[in-house]
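Right after this note come the structures.
Paired with subunit B in one complex and with subunit C in the other, subunit A is shared by the two complexes that follow.
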Partner chain A sequence: MTAWLYHLNALVLGLFILTAIAMVVTRQISACLQVFILQSLLLAASAFLLGGSPWSWHLFALGCVTIASKAILIPWILRSMIPAEVYVRRELSQSVQVPAALVAAFGLLLVGYALGIPLNAAAHSLSPANVSLGIAGLLIGLLLLVVRREAVPQILGILGMENGAFLAGIAIAPDFPLIAELAIAFDVPVLAFIVAVLARAVYQKTGSTEVGSLSALRELI
Partner chain B sequence: MGLAIGRSGMIAPTTATPPVGACYVSRSYMIESAALNLCQLAFVLGVSPLLAGILQKSKELVQSKRGPGILQPYRDLRKLFAKDEAVSEQSSWILVVTPYVIFVVPLIVTLLIPVLTDFPLFFAFVGDMLAVGFILAMSGFFFSLAAIDAGNPYGPMGASRTRMVGFLVEPVIIIVLFTVSFVADSTIPYIVQQHWLRPPANFFSASHILLIIAFFMVILAETGRIPVDNSSGHFELAMIDESKALEFSGSSLALVKWGGYMKFTVLAIVLVNVLTTPWGLASLGTIPSMLLASALVFAKLLTVLVLIVIVESSFSKLRLFRITDFVGAAFIVSVTAMVTELLGQ
Partner chain C sequence: MVIMAWLILALPVVAALVLAAPRSERIGAKVTIACAVVSFALSIAVMLSVQGGGRLVLVPHWFEIDPLSALLLLLVTFVSSTAAIYSSGSIGKSQGTVRTRLYYANFNLFVFSMLSIPLIIELGLVWIAVELTTLLSVLLVSFAGTGEALEAAWKYMLLTLIGATTAVLGVLILFWALQSAGSADFTWSGLRDAAHGMPAILVRIAFVLILVGYGTKVGLVPLHAWLPDAHSQAPSPVCALLSGVETTVVLYVLLRLRGVFLDVPSTHVQTWFAVSGLLSVGVAVLLILQTQDFKRMFAFSTVEHMGIVLTAASFATPLGDAAAVWQILAHAVTKSFCFYAAGSTLLVTGTRSIAEVSGLIGKSKRASAALLLGALAISGAPPFAVFLSELAILRAGLLSGHYVVIGLLATFIAMGFFGVLFHVVNMTCGRPKVDHLPRLPLPLACSVTLAIAAVPVVLLGVWIPPSLLRLLLQAAAVSGG
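Coming up: the complex of A and B.
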């Protein structure tokens, strides 16, 4: 029984790192959001599977909180606050071309393993692959934050980092206090809300949410 | 055909406990194995136009059109075989030979892979998955040459584009095979299939699912499916795969089309039988179990068709220079599969 949950967890992990790569590749913003929802569901699935073998309320609660906040609440906030025109757009200009970003993502995967293997040895994690792929997911989220110029993919990058950190965290510290999880679960939708308000304001002023190009100076008319 | 052989049939019944590693292959086993190989050939030959018809019909249904019936490819083939063939005087022997190469190559590959049985057949150890890739590449090579040979302005364009997609896809295939050989210690399709089967724990690993997805993306790119190429488009300038067949007519065109259907079927069979769902193949050579296996394999192929219909109706065709994004993603997925296999537990 325990072994089966562990095996299923391995499949979930494969799909998790796949969604991290998919977020780097997708140019359309709504598709990026959908991939993020899928990634959050996979994180929840991993928490349920790891929490099932020695039964753990903490991991079960964490899975439920993840689904509620990241798969339902945050997408709803982002959808309702930011105009729908933004979501059908394709992001054409990125600071790095997609193939280069993919190679960087692969490099970050290796970094994830380089950091994850000693961490596993030190921390006696439940599932070693969780830690390595979680760190890789965290770094790929950071990459998304760096290469994307639109506001929504950038916030999805931050949230992807958070997903990666949780994926590593549930294997290292399965008895993580619930109060900390709840605090994060409330913090993150607030973060999404603030960024969404900001992006909405930027959209109303400039007609786009391409925050990457806001750093260029423009003449006052 | 009263065939009743299985894994036990490979070992001569004279010794109760045969020494490890010693397999006495009997003459009747050889004949039966060759016969079963022929059954597999017949399955691929017969089913591949039907799969193409079902794929076409279901795509039309998704797009709220009526579409031709699922047997249309058979009718097309019969019509084309009855027609006369026109070959340009300026063209060389390549144009004449190519349809036969395209038709025969998927059949050779069929001999090497587990189509219906999960025990190795007559030609099982003649070539591995790398050989499958190279043999299929041979048909692509001749197809491109023939397209250039005919002198049609669209042919060389399609040929060079196919080569571009081809050399982008090749590293993905190689990395997938590397990963398979790391996982299963072999690239013989029958052994790989057995590896996923038992112990069942082998089936569940992060690298396995990444491997499947990378190979699925390879199939989409290699068989001219939508994110890479629109197989139902009729605009010559936008064609990648189709424009190479413009100069063929009559029975040559029929062979080229049938070969194309079979290439897709063979790749899909490698995906479902070797990589994804190794269950449900016949473990005995008897007629009922072969029939059951054919039905199950057909059902599995239908699932692949459903997946392809979903992909084809939810994505748009990529621009030519965006194909690198798609194939690059496939490459990174395959390399990720290899890394998770080698470094992960």
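Coming up: the complex of A and C.
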């Protein structure tokens, strides 16, 4: 990998992790979705940069599929199937306040770095930073899922976790047979469709998509 | 034979495509039952061809059938056959024709996703198949459309997708480790051959990530929170599929993984399996004791049995493996029967509450008899199959010197036995507490399902067909790596 590609990739990674944190602290749902689109574009950009020299068809295809699926198809499915009223809402009933969530996100960033060090020491990858920040992205996606109660941000948390996993994946397993393309091109749109069907059913039943407040099913102890 | 194996996978897809077309409401149940029964017959043929320990290669490096996967095919097709027959009785006209049609289409797709897991030997595709089992069953769980069903479906989807995403990082790291060892054959056998050359830290982290990820789907404590909700709110035939075989096919993946890493000392596979297995059994038994909903009780019993299989697999002896495989078979047939019995009770009384059902024997002899039979069989009373497999597990543990594990396991199993029977005896023979409990008729298809599903439950404890026994022993040998 040439030096300028390497530095450009580092810039992309930095922006990627900023979008992950931005998703945690953005309260308006449509803004959260837009940040997710940006994050997916950054994932694709990193795939293009890593696959640029030496040229890799595999990573190029992965980048293209990511853009088509996560930046275009999924937002379209979520927008067209879930009522527009949901997207303009500002979520005020987060279970953790924004400053606390921000501190937690920075903590997870450090955890990602700490986990990345022994992994990168054990084997060669295209870009060690992708491994650390991918793991951090996955953990911050999990945080988003925990602090939000609305259906759409929760699912964006899952998709953000997946973006993190693949950010590491493009560096450590660039020749991975088929799975990444198939998963992103096929599984993820199915996921978005099913989420949208379910969220719409919840909306029709309760008048909102605040799935975090559903708590009829629990044990006594 | 290869064509037959492909047909097993193709039939549910064909059925789903037929049923996705409009105006196919009337044939929904018939097409589904026909496809499921034919698949079951084909699975028997496939099983007979590999029972001696042979392998059936469909596509080299991608699709293959060995005795262990043949056993799984047999279980999935058997339970999907009975679940299809039961559906024809319980998913009725009251739900609306379009919803019924979509139910059957979705049912077939879900069965397809479960059948694909044992056929695939490439780990990347296995991951996609595991994720598909979640995605294709979420809308079946929410089928009833009530607030509780939607809540259960949402929790199920969210938690198992977190698991799947955790697992995908594990799978990617595992591939990284494989390439570092100079190989690119990402199959079960390819991994086993390269296991010793992989960087230990990568293997260890990948193993833990995959165990946590797929463990969520199996319902291992503390990742089980979604399971009792989904496995109790779904329509009963779907519960039978979820509890009887969906958990089992993912557990199968963990068993394969164990075979790969058993020889790599730094991964501590045995310790991980023993601790998570025992924790699941112990917590599930306590939850069984306090539950007030009989479908949830059987769901907790699934967590218990998954833990028992994992504990048996942690011994890593030929005897332990044989007992684990035997337990998988016994659990799948018995638990699906239990959910048909529970579903019939729900149909007859209209309630899931253990207390309200009290005195069921005065209302429905069939449902009571089925509940009692199911409870005795699943809790491990002689002379049923679960009793034999649990006895074999205890024996395997004692012979390999795991005295503490066996002490705990035996205690938990005994507590689970009393917990399940206490509830079910109260439900069937207790004094009626609610006077005006409705008394609805049990559809014929449901009675027929109970009769068919009871056959292996009763039979396998006293007699096992020689070819099935050979298959079990070969499957145990395969799972040992």
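Here is the rule we go by: the second predicted complex is superposed on the first by the 210 of 221 C-alpha atoms of A that agree within 3 Å, B and C clash if a C-alpha of one lies under 4 Å from a C-alpha of the other, contacts with A are read in each partner's own complex, and residues count from 1 in each chain.
The rule we apply is simple: contacts are C-beta pairs under 8 Å (C-beta built on N, C-alpha and C of every residue); 3 or more make two chains touch, one makes a residue touch a chain.
Here the structure is a predicted model, which means the values were calculated and not measured.
By the touch criterion stated above, A:F176 is placed in contact with subunit C alone, subunit B being left untouched. In the superposition on chain A, contact is made by A:I194 with subunit C only, not with subunit B.
By the document's definition of touching, of the two partners only subunit C reaches A:A122; subunit B does not. In the superposed model, A:A104 makes contact with neither subunit B nor subunit C. After superposition on the shared chain, subunit A has more residues touched by C, the comparison being subunit B against subunit C. After overlaying the two complexes on the shared chain, residue contacts for A:L73 are found with neither subunit B nor subunit C. When the two structures are aligned on the shared chain, A:Q154 is found in touch with subunit C, with no touch to subunit B.
By the touch criterion stated above, A:A216 is placed in contact with subunit C alone, subunit B being left untouched. By the touch criterion stated above, subunit C contacts subunit A in their complex at residues 122, 124-125, 127-128, 131-132, 135, 138-139, 142, 145, 147-148, 150-155, 157-158, 161-162, 165-166, 168-169, 171-173, 175-177, 179-180, 184, 186, 199-202, 205, 228-229, 233, 286-287, 290-292.
Those residues of subunit B that touch subunit A in the complex are listed here as 200-201, 203-210, 213, 324-325, 328-329, 331-333, 335-337, 339-340, 343-345.
If you check the complex, the residues on subunit A that touch subunit C are 115, 118-119, 122-125, 134-135, 138, 141-142, 145, 151, 154, 158, 161-162, 164-166, 168-169, 172-173, 175-180, 182-183, 186-187, 190-191, 194-195, 197-198, 201-202, 205-206, 211, 214-217, 219-221. Contact residues of subunit A toward subunit B in the complex are 3, 7-8, 10-11, 13-15, 17-18, 21-22, 25, 98-99, 102-103, 105-106, 109-110, 113, 117, 128-129, 132-133.
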